[in-house]
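The two complexes that follow have subunit A in common; it is paired with subunit B in the first and with subunit C in the second.
Entry: the complex of A and B
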């Protein structure tokens, strides 16, 4: 935690309410997001129990597995989940815009114009917390290699046709969620924690209801008291009034309510299989209804929490760079749509060396871009950089016109004498970038007098092509300026080889075998 | 002095005489209740927070912290789901079926032994029904035999199923029960069975970390038993006969099935941490000295099992031992919620996380920190100066955004 965010937390402790950590919204929010609250059982890692989802706060839809260890029931659940979620994911595939670009021929080096499709919008999934993202990734891993009846070798337990597709989408979305600044799959706890500080630790912020309690503490309670109520308050049966946002359920709920309900379901099923007349008709259905009511009761508080969080976030003005970053998500969505259409195999179990290196490079690049863009969009994010000595705000004391006469035509190289209260890591000769200049403007630190807070910067670019700077490109004395010691557009990293050219140091070209689907996986 | 219960008497009789007095006092603190055994999970949690005197003392005394927490009004929020318990039991039963056939296969693969060498495998009876002290003695005996046998014949090996190990922690004995220990080639290896899956060759790092910390406690106990001197540094593997290997075997279900897979886990770092933290742990004698006379954590249940000790008295007893609270305690200690409430009342900075302290130097409370941040005038100290700069930048940014 940075000092500034700790300070915000301290203020939240004092005020008893959440305090801002951002002045703008740093993540794209879709007009029509899909809210998804999954539950897992403690019976098996990644074994789904239920999911509540929908794009309408008033109309959530529940799917559940009445007996999480029953493979057939799990498959039925996955099929229903796929049939519910996939139409939403696919609804963004049709509307496209055409992007003109050019492609370089690898042999001749000639550039040929090409037109690429870019989906006009992309889906957005909102889940309660980071655990839900991990759970969806596990479901993705468990289903994307499943074989269907349409496969040449369907195996003994073919899955419904859309289940592997669900797995591939979930894998894509959870992978994309690892990219800094992406917004296709977002955990609400993380979203809220990025924009507001509570008076509790990051660990406690993982509980969505507790974190939200700091935003709307009931009258007469501080945020801390309200959060503790959300964490611990139980009804007379000993059940939590505000169950955790999952994906795991409260152990006491498992013990007292869920396990008996599942046992009743099992008994009803056995009775029915025992032959006609042994079980009262409709018992199995009644048991499923009981389970539905139980699970709905556990899920609904979290469901409305995610929507209240969304309301809070929507009240923030969007950051200026959001459309640019959302375009990255749209490209990612379009790319996956195209891979599915082209009939490519599912994502491999493990990435080959080149793909892994590419993904890492992309994440590093996006992280750098995100840091810069957030700082440019939000004075509070910029304050972090200023405190770290990576940027400084200053008042222009004096502008001294000067020229570089070494070339054929003299070029403007004016000196700015700046007074700052910040403590930049400014050494003479270091490159700086002016923020808020009409066009990109670079400079070099020419002199530093730390005691007086004076920094002299020689401007090197962004002043037009003439002998003297274009009007408006130089700040006036008395004007407030902002300089960054980091580059405002991150550099491109070095290109990586094609997978087929993987050097032997990295295992050589990936073999077809390793990339193929898991041959025989146990589905116990 | 309270009359010792039978378990205490056997316990005390197996300990050397100098330990008898603290053990008696610890038993008195607990009262008539059955002692909670200090298992590896508790020791690992203790090692993660060695500065916490409250936990050290209550654990050493075998007090049921969950019951105490419930009585003083901040019950521990955790329990184990019956599903998770069933899953662990099912997996272990599957491994132990048919004379441990499913467990032995991955072990043989790891040790490089041929399949079906059952005639070279010894599985001594470790008296699972006996008391902990007896079992520990029996394990020590079996361990010595197994080491001797494996040195005499390099192909022979031994599987100790649920052995009982003894480790002296801060002057008090703890009995530990690893899932299994194998002895081969004169060395022993700790085997830890966990029911979380290894998916595509990797597992949840948090769970693996917890397993490694727990296994490190077993390795430490085996080192103590083998007389290995830890002073040579944890990374120096003294290949003494009977000394434990510094890698342990983690046996987990593979992917989404129930088939077991074994993975070697290097625990040298965890071992070093555990050893250092346990050594740092305040000696129990000192903690006992510091207690006000008459302190007791005995709930003193009546015939119906209802606690009779007044809540205030119990709370006072708990609060007479200082705690070192951090948010991690909430998921690791039954008293976490109680200590959090105390830390909040005291305005301690650590309520926001242990790492926070690094930024605040001498400042310990929220009021002190905020006071320093928003005070006017010259800041004397570097910490305060930086804090004040941060507060100024934050205020400036918020005003700028409000415009």
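Entry: the complex of A and C
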């Protein structure tokens, strides 16, 4: 935790309310997000129990598995879930913009112009917490390899046609959610924690209702008291007034309400199977209705919590770099759309060495880009970097024109004498980058007088191609400037071999090791 | 085919020099004259101060002597510059290329030799005997004929994905590194791949060994740096796969404090360390900020007294007074190092090496690979109320506890053992991780446990246990402040 966010937490403890950590909103919010609250069964990791979803706060739709251990009912649930979610995901595939680019011919090396499609917008799923993201990933892994009736070898239990497709989309979205700064699938607890500090621990912030309680505690209560109520208050039956946001349910709810309702459903089903005339007609349906009411009861508080969180976030002005990062999400969406259209197989169970290394490189690159862009977009984020000595704000004291005469033509290498109240980790020779220069401008620290707060920077670039700096490229004495000791554009990642060229150090091409035991994974 | 030094029984070797020579000869043999069908990689596990650098120089000389050209991969620019400097001085007959990035020129020490050519373009250096660069730079080299031989230095600090990107450049390679040092790391989540044999964020050697089971790591069995008082502890706590011995005997290294002890705890700790090689200067238990002012003051006072008392260091290299540049202070965090530096300056102890002989004050990361006569260590867990994975990382403690030739004085708050007991490792178990069971463990813990350890991906050495081991040793040499 950085110094500033620790301070904000302490302030939140004192004020009893959430304190801002950002002046702008650092994640893209869609006009039409899909809110999705999943519940899992306590019996089996990743086994779905229910999901409440929709794009309209007033009209959530509930799907459930009346008997979570029954594979057929689970498949029916997955089919209904797929039919509900997929139209939303696919609705962004049609509207595209055309991007002009060029492609290098791998043989001749010649560049040929190409036009590529980029979807104009992409879907956005909002879930209550990180546990929900993991749960969706598990559903994706369990369904994307399911065979359907359309398969040449459908097997004894073919799944409905759209179930594997659901699995592929969920896998794509949960993978993309691992990329720092991406916004296609976001947990509300994480979104709120990025923008506000509460006076409780990061672990306690995982409880959406408790975190929200710090934002609008009821009259007369502090945030801490309201959060404790949200976590622990129970009614006279011993049920939580504010059930957890899932995907796990409260054990006491499982024991006292859910398990008996499922047992009644089982009994009604057994009675119906007993033969014609046994069991009252409509009992099974009534039991399902009871379960619906029960689950809706525990899901609706979280449903409205996610929407309240969304309202809080929408009140923040968007950060300047959001469209750029959202374009990355759009490319990701477009790419997945194209892979599906091309009939490519589902994502493999495990990444091969090259794919894993590529993903890691992408995530590290995006993390670096996110850190830089957040600092550029938000003075509070920049303040953290300044406090850490990684950037400094200064006033220009003097500008000394100087030239590098070692080459054929003299190049401008002016010295800026800067006075700063910050304490940057400024060592002589260290590279610095000016923020807010007309074009990218790099310099090197030439001298430091820490006691006087003086830093001298020799500018090396961003001053035009002539002997003297272009007008406007140099700051004037008295001007406020901002320098970063980190690079403002992330470094390109080095090229990796194609998977088929995986070297001997990493076991050779993946096709050769496909049969090794490490890759075998069994599914119930 | 897998005739490695592992078969040489070093416990029986009475002459450490002979054991080390035998190990080096076997490694050079496997590298320069591989048997037909031998694995393409040779891995050498080298404990602290076991002659890794000398081995790299000799391997380069022998390979070039056999008519080969080779590429050498190190991990940081300063490592590359050090290696170029050393190689150029020790092997003036070699022509050496220093490949560097356009915006990071090599240091003056590296390019002062007539046999060194520096360039940012690989094409300029291809004809030279040995070309040296960082893994990061090698990844960008393309359109060259692969080298037949490569040496990868500090291979345990190299990440698996970096090896993936450079492995196309060579046919065979010698991987040399210290398995006890700090592991490579990343700032993003990698849980998705933990347990995979090719987890891109793991160490290059771990991946290499998982995919090439025929490679049996060699080891350098003798630490020439660590004194007889330190080698057994460091070996047992941090090097379960590669046990090693001290190159010197119990009486070979002496630390003789001059002057009379002033009766203070600091002097008592110095006397304890001089006698036994270890001392624990213990402050009363207390939760403190990271830059605990009292602990920092104790560290500074210890260094001041070490210099004031006119300590004489006697070793196989002769007798010399303990001077500032032979002392290091190790900390876990940069702000702690800064606080110690400030405290030392106030006591008039020089800490800036650019202005003359000075005490080195730095974090474990930066002290890796360096050597001093006496180290003063601020214990990573001192005064903390929790034990995070960062503070428990074995590499951190290992680096701090293995920089010294004579003695190590640890400064800490009381209560670390209790802290450890309250914070057992809670990381989720990753099924199927690559596991190496240390030699001799089967007998020690019973064969039936081994498959279980393999299944749950047990990690050796375990940070929690290693910390307890070191504490238990230090408790024997406790001086209360």
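In this section, the second predicted complex is superposed on the first by the 511 of 524 C-alpha atoms of A that agree within 3 Å, B and C clash if a C-alpha of one lies under 4 Å from a C-alpha of the other, contacts with A are read in each partner's own complex, and residues count from 1 in each chain.
FYI, a contact is a pair of C-beta atoms (placed from the backbone, for glycine too) under 8 Å apart; a residue touches a chain by one contact, two chains touch by 3 or more.
Note that the coordinates shown come from a computational prediction; the quantities given were computed from them, not determined experimentally.
A:293 contacts which: subunit B (first), subunit C (second), both, neither?
A:293 contacts neither subunit B nor subunit C.
Once chain A of both complexes is superposed, is A:401 in touch with subunit B (first), subunit C (second), both, or neither?
After superposition on chain A, A:401 lies in contact with neither partner.
For subunit A, which side has the bigger count of touched residues, subunit B or subunit C?
The larger set of subunit A residues in touch belongs to B.
If you stack the two complexes on chain A, which partner ends up touching A:263: first (subunit B), second (subunit C), both, or neither?
In the superposed model, A:263 contacts neither subunit B nor subunit C.
Scan A:440 for contacts with subunit B and subunit C and give back first, second, both or neither.
Neither: A:440 stays clear of subunit B and subunit C.
For A:507, using the defined touch cut-off, is the partner it touches subunit B, subunit C, both, or neither? Pick first, second, both or neither.
second
Between subunit B (first) and subunit C (second), which, if any, makes contact with A:364: first, second, both or neither?
second
Given the touch rule stated above, what does A:350 touch, subunit B (first), subunit C (second), both, or neither?
Touch status of A:350: both partners.
In the superposed arrangement, does A:494 touch subunit B (first), subunit C (second), both or neither?
Touch status of A:494: second partner only.
Residues on subunit A in contact with subunit B in one complex and with subunit C in the other?
After superposing on chain A, subunit A residues 350, 518 contact both subunit B and subunit C.
Per the contact definition, I'd like the list of subunit B residues that touch subunit A in the complex.
75, 77-84, 86-87, 196-197, 199-201, 204, 254-259, 327-328, 330-331, 337, 344, 347, 351-353, 355-356, 359, 366, 369-370, 373, 386-387, 389-394, 396-398, 400-401
Can you list the residues on subunit A that touch subunit C in the complex?
Listed in rising order, the residues are 178, 180, 350-354, 356-357, 359-361, 363-364, 367, 431, 494-497, 501-508, 518.
Quick check on the complex: what are the subunit A residues that touch subunit B?
Spelled out, the residues of subunit A in touch with subunit B are 1, 3-4, 6-11, 13-14, 20, 23-24, 41-46, 68, 138, 141-142, 199-204, 224, 228, 231-232, 248-249, 251-252, 254-255, 259, 349-350, 378-380, 382-383, 386-387, 421, 423, 518, 521-524.
If you look only at subunit C, which of its residues touch subunit A in the complex?
Touch residues, subunit C against subunit A: 40-41, 103, 136, 139-140, 142, 160-161, 163-165, 167-168, 173, 186-190, 192-193, 196-201, 204, 207-208, 210-212, 432.
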